[in-house]
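Look for chain A in each of the two complexes below; its partner is chain B in the first and chain C in the second.
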Partner chain A sequence: MLTLLPQLVVSGTSTGMLYALIALSMTVVYRATTVVNFGHGDMVAAGAYAVFVFSLGFGLPFLIAMLLAIAVLFVAGFATQHFLLQPIVAGPHLSLAMMALAVGYTLRGMLRLEWGNETMNPSRPYPQDVYMFGTVVVTTDDVVICGFVLVLLAALFVLLQVTPLGKVIQATFQSQRGAALVGINVPLFHALMWGGGAALGALGGVMLSMITPLTPDLGQWTLVQGFAAMTLGGFGSLGGAVAGGILLGITEKLLGFYVNTVFIEITGYLVPIIVLMLRPQGLFGRRMTVRV
Partner chain B sequence: MDRRLFWLVPLALLPVPLWLNPYQQYVLNTALVYIPVGIGFNLVVGNLGLLAFSNVAYFGLGAYTSGVLMAQLGMPWWMTIIPAASVGGLAGSIASIPALRGVRLFYLAIMTLAFGELMRWTYIRWEALTGGSMGMAVPTADLLGWPLDSDRRKFYVFLALVVLTLTLTDRLMRSRFGRAFLAIKDNEISAAAMGVATDRYIVLAFAWGGAVVGIGGAMFAISVGHLSPVSFDLTELIRQFAIIMVGGLGSLIGAIIGAAIITVAPQVFISFPGFDELVFGILIVLVILFLPRGLSSLLARVHPAFTDRFYRG
Partner chain C sequence: MDIRQAIFAAIAMAGLAIPASADSTQGISDTTITIGNMGPFSGPQSTFTPLNYGPEAYLRYINDQGGVNGHKFKTVFADDSCNEAKGIAAAKKLIYEDKVFMIMANPCSGVAMAIKPMLVQEGVPWIGASANPKISRPASPGIFHSTYTGIESGRAMAAFAMGKPGTTKVALAMHSDDWAHGYCDPAVDYVKSHGGEIVATTALEHGATDGTAQALQIKTSGAQAVMGCLYQPELVVLLRELQKYQVDTIVLGALGADFNQVLGAFPNRDYLKQRFFQPYQFKAKLGTGPLKKFHDIFVKYLTKDELPKAGEPTNFYYFGVPAAIVTVEAFRRAGPNPTREGWEKAMESLKDFDTGVLADNETFGPDKHVGVEKMYAVGLNTQGQETVYKAWGDALPDTE
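Entry: the complex of A and B
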């Protein structure tokens, strides 16, 4: 039994990296605007579909299709914040949550209207292969997903810690009023962060579409898994989102193998309930919320 | 205008089935099913002001309680209404536990969302009772031995249940309980400081909302005749949100208007899957932007009797 442990950890980490990316993209929006994007799952799904359309529909090379999908979702996220959320930003939380939910619902309707309820399997842009490390099997999917997410994380870290834009982002994270006082355009910043979050989510969707079939309902599952990773790591913490995502992926695999296979399906539902009841600040508390 | 004149509305509806074909009758019945669903949801989200996203769980539990009791134990449908309401109410009280522990806003929304999804998973996995993802057939309903085998007969039973839940909830909202809900929504801390036992009222509101939605679930079970987990997913949650947002938050009349629109509108474009989601999504966006109090606020402009007194923005 225990000999399988390294294998489970490896494949759990790979899935967990995906959850981490999705949770991170949700956290970026939440940290910047204190609005939880309940439509984020559908944005992720829309990103996956966009790549599908650009690469197979228009016959573009995969990398260009991916860049175009990111651009489309960035515009969508930017527009959502600028035209729909900014006008009601002073309103009740329910309206903000509903607005995000409704945008997601509209996206899902568009996907279903175009593609119906069929599932689709986009082909991978790289050959599938298997590497053996002792008894542990690592697939090309694992390598691509982990490598891709790690590169993204490094890029984000540099963006936040080193560049002048990162200073603006951190300043606005810390105090919106203070940022406004020193001349930062906070509404523009919020819109940019929504665009950035949606673009990151689209990247998650691209990775997701390589390991699971696409359906218009993909967003529902994505949303719940993203929430689970966010709450596990500590809501609003960027580092926590990553750690929570990886931990969620591993937990799911371990519980599924050693306890009961049903846990693969329900860990994502149980985690937010248990974490918020026992330790609402998540595993990494609040102290980690300021820096990555 | 006296508010008692509202009693004329159900009376006026009594002869309506004579002019409807079976399909139109079915649509009207579905609209009636969604009125208790909207009322229960509105009570927690609109009147109490807590972001509880577990309404579909109460709806599904009510529907499955009714369906399983009929199919497995051979109980007549009318005897399953109270169990369905009790299970819905119990689920509501369970969903209120995080709220009692101080979980609020988006955190509460996420927890209750996860609770609802967990329930949907239960319907899929508890195959012995629910038939799993293939779903289960609901036997023919009856009322004290009178078979409810046509949509026309169901209509009258549904109408009675809708009037009952509407009247009772209206009574509740006008009692000290309802005033306590409004006080909690306005300012929970000052309500507690004034001596309102906020915990008790939060549980009560969740339980009442769950029970009313559970009754809606029992109606849904015999209205569609076939229960499957797909009917209780996140898409259904947004449909129920559309009812209360489009109709008007915290308004009983809003729940009726919302239920009617959300049921009738998709029939127009039923042959295009996805189009209903698209239209509802855009509708919710437009309502939030331009009519934050929903369509019922338009009625209130026409005549003050339609003004709802149970909502604080």
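Entry: the complex of A and C
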């Protein structure tokens, strides 16, 4: 049975990278606005459907379809923040979370309205090959997903750590009032970050649609896994979101294979509970101290 | 008793003494029969709605032919979202507000079980497509299954798999809900009673996007056949993982998945040849031979929104139709003044009745409210062509 351990780790890493991508896009929004987007899973699903519509419906090349889907979701995210969240931003945090949830359900309802009575099977833009490394099986999907997330992570790291925009994002995350005082248009910045988070979610949807059939409820599962990965890694930590996603992916494979497959579904809930009991700030989050 | 009470009592007694007629049967007027068509028109299970549209297309076709004994069918749709609470509310509306004669389609087992007490209490007939055998077993007045329940389908899955010479080791890949048990439990009973053994039981839950652990468990168990009691998206996920890990086993999918849509998820179908099968409900391939007539009915009588977005009407459209066919036939036999009792007697009088759709003929009786048993299997032959099998290696001849 232990001979399958490398396979489970490799497959878990590939699945975990997807979770990481979802967690990463949620983290971008959270880091910029301190709002957890509970409708994010449905934005992921909407992104996947957008690519499907542009590529199969309009017959556009996959790359163009993907770019258009990202653009559409960017606008959707921007509009959500600008028109729906900004007017209630002074209210309780719970209202913002509920609004995000409502937007997600509305998106899901719209998807069901159009594609509710059939599942879709988008085709990959590349051939699905299988590579053998000893006894370990790796597919083109695994390579594409892992490579894509790693490149994206590197780009985000550079954006946040090196560029002036990254410094703006970090400054706004630390103090919105301070950011406003130095001339940053915080509402516009928030809307842009919501757009960016939704666009990243669309990328996650594109990756998901290559490995699983499309259903309007695709986002439900991904939200839970993305949220768990985010919690596991530590809220607001980009590296933590990725590490959390990978750890979650590997853990669910190991528990599923060596203990019982029923654990796969609950790993997304179980692992964060254990981690938060032992380390409330998550694996890579920093303990926050508030001086009064 | 004062004089007024005596008059009311006399009127009530007189009412009871009048024999039932079309005028006194809920949902039946001199010219129309009102049918409640209930299903998941919204929500995650709305992939089952072709099971609602199939019978509706047939009723529209019958109306176009002039109806039955001077009556035309009028349908009231109700959305249950495959949710028990919504289903009960929808059934109450159909029964008490819309005053339907019967409820048809109702693909969701949980909802069907939830509304069954109300149906029995109110004496409202039901002919549905849900898989839970407990709905019509034991027989309850007015409750009929004109299609296969999980028992027939589960047995058919196991029987076909074990028909492959040398197959004794069977694995299960299933959801953890009643629906999946409705298929897998009869399959397990069949396997065990025919000298086989269950070598692995794996869970793959709704919404899962990966089945690595399940595929590897099945591989290490040495299973020769897998019973996939899964909905369509998860069945596709499982098949892709089995292909990825080169697991050499045959896979029998339950009827929660549409065969053609599953095939559509595999651009290269080589792996599925002689490997993926499903119990098959029909007497010919979809849209061919005797089923051509129904294909044409769907295309003619359903709206653009009721038909698939792309491609031909799928399995579920055809699978929904027998409920309407036997309903219409029973009304035909019940005569020009149908009553609830007359319709039920007519239903129970159906013996060896050919719907023109299903692999088996319908036979009902006072104690037998599930009309069909025998099923075929469908899969890809060695050339990759869709083939209907009576049993392993015994293909049904193609019809034009």
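Annotations
Following the convention adopted for this analysis, the second predicted complex is superposed on the first by the 277 of 292 C-alpha atoms of A that agree within 3 Å, B and C clash if a C-alpha of one lies under 4 Å from a C-alpha of the other, contacts with A are read in each partner's own complex, and residues count from 1 in each chain.
By definition in this document, contacts are C-beta pairs under 8 Å (C-beta built on N, C-alpha and C of every residue); 3 or more make two chains touch, one makes a residue touch a chain.
A quick note: this is a predicted structure, and the numbers were derived from the prediction, not measured.
Annotation for the three-chain superposition on chain A: chain B and chain C clash. Contacts of A:15 after superposition on the shared chain: chain C is touched, whereas chain B is not.
Shared-chain residue A:220: touches chain B and chain C both.
Contacts of A:264 after superposition on the shared chain: chain C is touched, whereas chain B is not. Of the two partner chains placed by superposition, A:186 touches none, neither chain B nor chain C. Residue contacts after overlaying the shared chain place A:212 against chain C, while chain B stays out of touching range. Within the superposed three-chain model, A:112 lies in touch with chain B and with chain C [touch as defined at top]. In the superposition on chain A, A:130 makes contact with chain C only, while chain B stays out of contact range. Of the two partner chains, chain C is the only one that A:139 touches; chain B does not reach it. Only one of the chain C stretches 171-179, 225-233, 243-251 or 333-341 carries C-alpha atoms that clash with chain B in the superposed arrangement, namely 171-179. When both complexes are aligned on chain A by C-alpha atoms, chain A residues 109, 112, 114, 116-117, 216-217, 220, 262, 265 touch chain B in the first and chain C in the second. Of all residues in chain A, those touching chain B in their complex are 36, 38, 84, 87-88, 91-95, 97-99, 101-114, 116-117, 216-217, 220, 223-224, 227-228, 231, 235, 262, 265-266, 268-273, 276-277, 280.
Against chain C, the residues of chain A that register as touching in their complex are 1, 4, 7-8, 11-12, 15, 18, 109, 112, 114-119, 121, 123, 128, 130, 137, 139, 208, 211-213, 215-218, 220-222, 252-253, 256-257, 260-262, 264-265. Chain B meets chain A in the complex at residues 45, 49, 51, 97-98, 101-103, 105-107, 109-111, 113-115, 117-118, 121, 125, 233-235, 238, 241, 245, 249, 272-282, 284-285, 288-289, 292, 313. For chain C in complex with chain A, the residues that touch the partner chain are 42-44, 46-50, 176, 202-205, 207-210, 212-214, 216-217, 220, 232-233, 236-237, 240, 244-246, 261, 264-265, 267-268, 308-309, 314.
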